[in-house]
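To keep things clear, I will list the structure first and then write my remarks on it.
Labels run A, B, C and D following the written order; every chain starts at residue 1.
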Amino acid sequence: MNPVNYLYLAALLFTIGATGVLIRRNAIVVFMCVELMLNACNLAFVVFSRMHGNLDGQIIAFFTMVVAAAEVVVGLAIIVSLFRTRHSASVDDASLMKL
Amino acid sequence: MSFPLLTATAALPALGAVATAAVPAARRTAAKWLALLVSLATLALAVVVLVRFDPDGARYQLTESHAWIKAFGVRYELGVDGIAVALIALTALLIPFIVLAGWHDADPLETGSRRWRPTQGFFALILAVEAMVIISFEATDVFVFYIFFEAMLIPMYFLIGGFGDRAHEHGEEAAATQRSYAAVKFLLYNLVGGLIMLAAVIGLYVVAGNFSLAEIAQARANGTLHMATSTERWLFLGFFFAFAVKAPLWPLHTWLPNAMQESTAPVAVLITAVVDKVGTFAMLRFCLQLFPEASKWATPVILVLAVISIVYGALLAVGQRDIKRLVAYASISHFGFIVLGIFAMTSQGQSGATLYMVNHGISTAALMLVAGFLISRRGSRLIADYGGVQKVAPVLAGTFLIGGLATLSLPGLAPFVSEFLVLVGTFTRYPAIGVVATFGIVLAALYTLVLYQRTMTGPVKPEVSAMPDLRARELVVVAPLIVLLIFLGVYPKPVTDIVNPAVKQTMSDVQKKDPKPEVEAAK
Amino acid sequence: MEKLIALLIAAPLLGAAVLLVGGRRLDRVGHWIGTLLSTASFVIGLVLFAGLLGRNAEHRTLIQHLWTWVPVESFQADVTFRLDQLSMTFVLLITGVGSLIHLYSVGYMAHDERRRRFFGYLNLFLAAMLLLVLADNYLLLYVGWEGVGLASYLLIGFWQHKPSAATAAKKAFLVNRVGDVGLSIAIMLLFTTFGTFAFGPVLDHAGSASEGKLTAIALMLLLAACGKSAQVPLQSWLGDAMEGPTPVSALIHAATMVTAGVYLIVRSAAVFNAAPDAQLVVTVVGAVTLLFGAIVGCAKDDIKKALAGSTMSQIGYMVLAAGLGPVGYVFAIMHLVTHGFFKAGLFLGAGSVMHGMNDEVDMRKYGGLRTYMPVTFVTFGLGYLAIIGFPGLSGFFSKDKIIEAAFAKGGTEGWILGGAALLGAAITAFYMTRVMLMTFFGEERWRSRPTRSPEAPSAEPAAEHQGEHAEPHPHESPKVMTIPMIVLAVGSVFGGAFFSVGDRFLHWLEPVTGHSEGDSPLSAATVTGATMVCLVAGVAIAWAQYGRKPVPAVAPRGSLLTRAARRDLYQDDLNHVVLVRGGEHLTRSLVYVDHTLVDGVVNGTAAGFGGLSGRLRRLQNGFARSYAVSMFGGAALLVAATLLMRAV
Amino acid sequence: MSAQQLAAYTTSTGEAFQFWVLGTVAVVGALSTVFMRKAVHSALSLAGTMIVLAVFYLANGAYFLGIVQIVVYTGAIMMLFLFVVMLVGVTAADSLKETIKGQRWLALLSGLGFGILLFAGIGNASLKEFDGTGQANANGNVEGLASLIFTKYVFAFEITGALLITAAVGAMVLTHRERTERAKTQRELAEQRVREGRHVPPLPAPGVYARHNAVDIAGLLPDGTPSELTVSKTLRERGQIRDVSTEALNDLRALEQRAEERLERTEIRPATFKRTEEASK
């Protein structure tokens, strides 16, 4: 089997995650989908590093993880405070961007 | 490197604006006094400029020049000629009166609100406008001028939209909507003009390669910079349009009545007596100097528009039911005279026009501020709501009458001199137009006297029967203006001496000579 | 001695400033200050007069240059005064009559709480009028010209609480403004023609300009004169101007201001002499006005309006004379002076009558007053004799000369003008006799008076606080009022004789205006005889109509002409329909146009953009997810784009 | 070509087998993450997917990442998710019904398009040479990474450190609730109650039966229906009120029965009843 299949898998996961972001209303789930996308990217990077025979891809994946961690922390904090104020975790309720 | 006097004159009110805005909400009176002091200090600086300026010296004096944006050769270039000096003096002179007249206009309706600080904002905005107006009078770099010419709109917008009259026939929220309508209208008109001008400014840069007024005019003069006729005309139109909107010239005038009607009297004075002058001033300084040929080419049309403005404005003033609208249309008529004088291309016309800018500033201030005092007493702008005020408040009525007489340019008061100069200047070259314009003075008498008769004379209306006469503060505002009107009417020489050399320069820019009389009878 | 000239103006100007700015604290002494200062001006005038007499004829022109007023390149206006025989005459007339009327007003306005202000305005008027006659260039004259207009505006509308007064004042100012347009255009023409508008150079070089230009200038000056001197077609304001207090009518609308037009024409003699067509127009205007005023004067029952009509017609005489050129200038001025005396006297008399009659102005409510107010009766009577030109009195000399001069014009014009003048004399005799009879003779119609007649509105506010139906108690006015009347009466009796004996006046004025004896087709005696005949005829008819049979207390319907004359020959209504109504419609439609058309275009475009953006706004529904969709779709498109790029 | 390279771009059948099996698992996990109605389930399935990915990392020679993936991601982050889910309410299941018009179709469409495009992209990208991580990991994967991180990527590393700190602080700030106004005293609360005029008396106590201290049992109104007022707000919102109205009635009925049974006997032995009373003293 050709390792390229990993990339196809990554693409598939990424797409699924993206679609999930779009169709789910629960903020937490949306968040999970974002995580899914990030992981898909990570997979791709890892595979790339294997492809090129150096570790830079892994490094980037590593950084991605770190950033993702940070992002999750903040994001979840936001969700919590959002839930506190409006007793719901639905992203549609936060339609404050409208004038 | 001497002391940058011009920069200081513009910077002082700017800093003052910041300081005033920073005054804590509770200390409203402090903010007022601060604003007043700053404006007076600016006046002092303006006087210094006036003294330091030598009418017979170089064209631009007290010049400052620093590289600013090297990429486009934009230089921070300031310099004043006689016309600019006169107008700077006018601006610096009027602002203290405006501040003083608007003393209570921005007091919050419900006290105790801690966050809301309209008073500070009001006076800060006024000072900001002053700073921008002054610097756009000083700028000799087209780009610098353009920036402040446009930036002026922002504080004006808030002044118009934010601080309307308390007096409104349809209640407060109707007032608010109309106010914002007026403000937006003002902004849109001037922005459109400004955008077109921006295009022209860029075009000018493309053609000339820099923005320096002096350099370009120089290059035009000694032929090193040649513009294709069509290019010059387009650029001229671009500039002129913006100035015509600001001036305002028929048919681009409709923003002025709304703006003046909805804003408080002091702001209305600020609009018509100070800000609009930038438009006419710029015609004189930029249009004629940068595009002499195109100016001459466009003269006939512009003169016709000016005459239309004169008659049209006056006729509409007659038809108004609202005191402030009436004054606004009267101003439109007067701006017609100014433009007429500028484009008559005679030294009488242009000196007259410059003098007219100054006098119109003072006379309108006098009339409008007194009208404002009147309105603030009765709480209505409708002429029909008044009557017999003369019997109740004779001083108010008297000052109002003098302001009105100045508006109809009664000989002996300042506006007469300028108006007659403009008419003579026009007549010597375009008799027909001169005659038509002359009939404007009858209409002026008509709308002024009708206004006076309906508001001040006749049986005393019960609503005005308890009206107090002018208070000390208001007298302090009005009296000096009236004295000035009379003084400049009897002895305008100081102003003309400053203005004439500059006008001679402009005349030489457009290569025009005054027509010679048929018989040389002069001694 | 030149230095004194400025003081002439300064004195009343100071008075005006002090009185108007001074405030209530001057209320008690204000009127005396005003009188004092005007008298001071008169005294200075006398001093200067003596000085002029001291010199020989050709050195009687004094120039005082004060400061440069408006210097712009070739346009040089100076504040310079010129005192020559002509202006001297006016100065004396203005300050003299003015001072008398100040004195009179002290009594007349005694009950008015705004008397101080009144005197302030009077002084202002004096100053402006003096400026008018002393100015050395047309622009400065213009200042005085408008100044008197302002003063007259303020004084006509002195009782501002009466809408009628306010309207009359406005009307007067506006009509005058129309005339002023003429004056300013004339000045512009002068500037373009001569490069200056100072009397000296202009009048010296008048000959060398093209006649077309000169005619234009002259006609414009005439327009100005018509406005100020209430000549047809700009006469309509004078009648309404009677809304002002009677002293004002006497000073401004009889003796001085309304004669400014004549001054202007005589002053610009050189220009007119060089423009014969213009001169003809002037004479025609004069003749027409002379008849017009006289006819109007016959029909009015309001004593002041009747006198106003007569003023109009007398000024018509002067204008006619001035139009006749060098033949007439001197007599125009002479008639102006004498008219100043007797017309002022008549008005003061009328004022005194009204003063005694609860401010009733309707002559039909007078009658038989001679016994009650003898002094008024005598002075008024003398003024009456003077104006109808009774032999020996001042009117006789001046008017007679004018009629002669009119005939002397020669040709058909001469006959027509002379005839008009004669006819005018007859009508003058008629209506003045009418006034006299209705006021001082006949039975006392004011007893058990009915309600006031509608077409005679009360002129004074006093009527309000004195009560409508209080039966008047006719009484003589106080000394302070009668003395000026007496003085003026003396002037109107002897003035003419004094001037004419040995042609004093002629020799006095000749250096300025120039003079030429016209060759009249009729001998002086014939003209005088004809005048006498007309006079007698006029008086006789009036006697027949108002002396023999009693005067009805309510005006009869009267003939067509009478009714027309009552309404100023409908000329006013014409103005109203054409100008006022038309103007109103014009402005209204313009306001509409400005709102819908000029503004509409802009607002339309604005609305268009608004709608468009409103549609675009729908996309921004505020749901983060739908934004995300568009983002994701965008990303997809980007990928597609890159792929395509690599494909091609 | 050398075995090295061969190993690079073809993989051992073991790995292939592992890929196909675990790949399916991963995809299924992803899909269920998206389509599970309850957040908890989504979280769990996502965790599953992540573990699978960790395995793939290991398979791809990224040993360090593989471990980190399991420890940090699955261990820490997903647990964080679960905490939050519990905080927000485990039971709170949101309906998958779409509210925004056309949103779902657009989403699926663009997702599909995007996926296809990606596949196409990968498809026609020439990815043949796989020179595996052999010599990259020659002296240990972790050491390799470390040497890169602390040399080439040191700045990025430091910055991410700063980022983490910031994130931590930010999270605290966001979740920490500052008490803005002073806590109301009893007195003030009472006054407020009176001012508002609702529930001037203290709230009714929950219907507590002796057999357990059940704050979640609503007290009953005279007609036997439970009164919302008697239970605490939190429980009400979580919808965790136990409605015992019926069983209360049943108990009552049972009680009556027993009482009747009693009544047949008690008539003849009042003394004992009394005695028992005394005994109880």
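Here, a contact is a pair of C-beta atoms (placed from the backbone, for glycine too) under 8 Å apart; a residue touches a chain by one contact, two chains touch by 3 or more.
Bear in mind that the values here come from a model prediction, so they are computed numbers and not experimental data.
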Path length in steps (a step moves to a chain that is touched) from subunit A to subunit B: 2
Chain closest to the middle [Cα centroid of all protein chains]: B
Chain located farthest away, centre of subunit A as origin (C-alpha): C
Centroid distance [mean C-alpha coordinates] between subunit D and subunit B, Å: 68
Distance between chain centroids, defined by C-alpha means - subunit B, subunit C (Å): 37
Subunit A and subunit C, separation of their C-alpha mean positions in angstrom: 94
Distance from subunit D to subunit C - Cα centre to Cα centre, in angstrom: 100
Sites on subunit D at which at least two other chains make contact: 100, 103, 106-107, 110-111, 114, 118
Subunit C, residues touching no fewer than two other chains: 621, 623, 625, 629, 632
Numbers and ranges of subunit A residues touching at least 2 other chains: 18, 22-23, 25, 92
Chain pairs that touch, as defined at the top of this document: A-C, A-D, B-C, C-D
Contact set on subunit C toward subunit A in their complex: 617, 620-625, 627-629, 632
Complex contacts: residues of subunit D adjacent to subunit C: 100, 103, 106-107, 110-111, 113-114, 117-118, 120-121, 124
Subunit A to subunit C touching residues, read off their complex: 18, 21-23, 25, 91-92, 94-99
Residue ranges of subunit C in contact with subunit D within the complex: 621, 623, 625-626, 629, 632-633, 635-636, 639-640, 642-643, 646
In the complex, subunit B residues that touch subunit C: 185, 188-189, 251, 253-254, 312, 315-316, 318-320, 347-348, 351-352, 388, 390-391, 398, 405, 410-412, 416-417, 420-421, 423-424, 427-428, 431, 434-435, 438-439, 441-442, 445-446, 449-450, 453, 456-460, 490-493, 496-497, 500, 503-504, 514-523
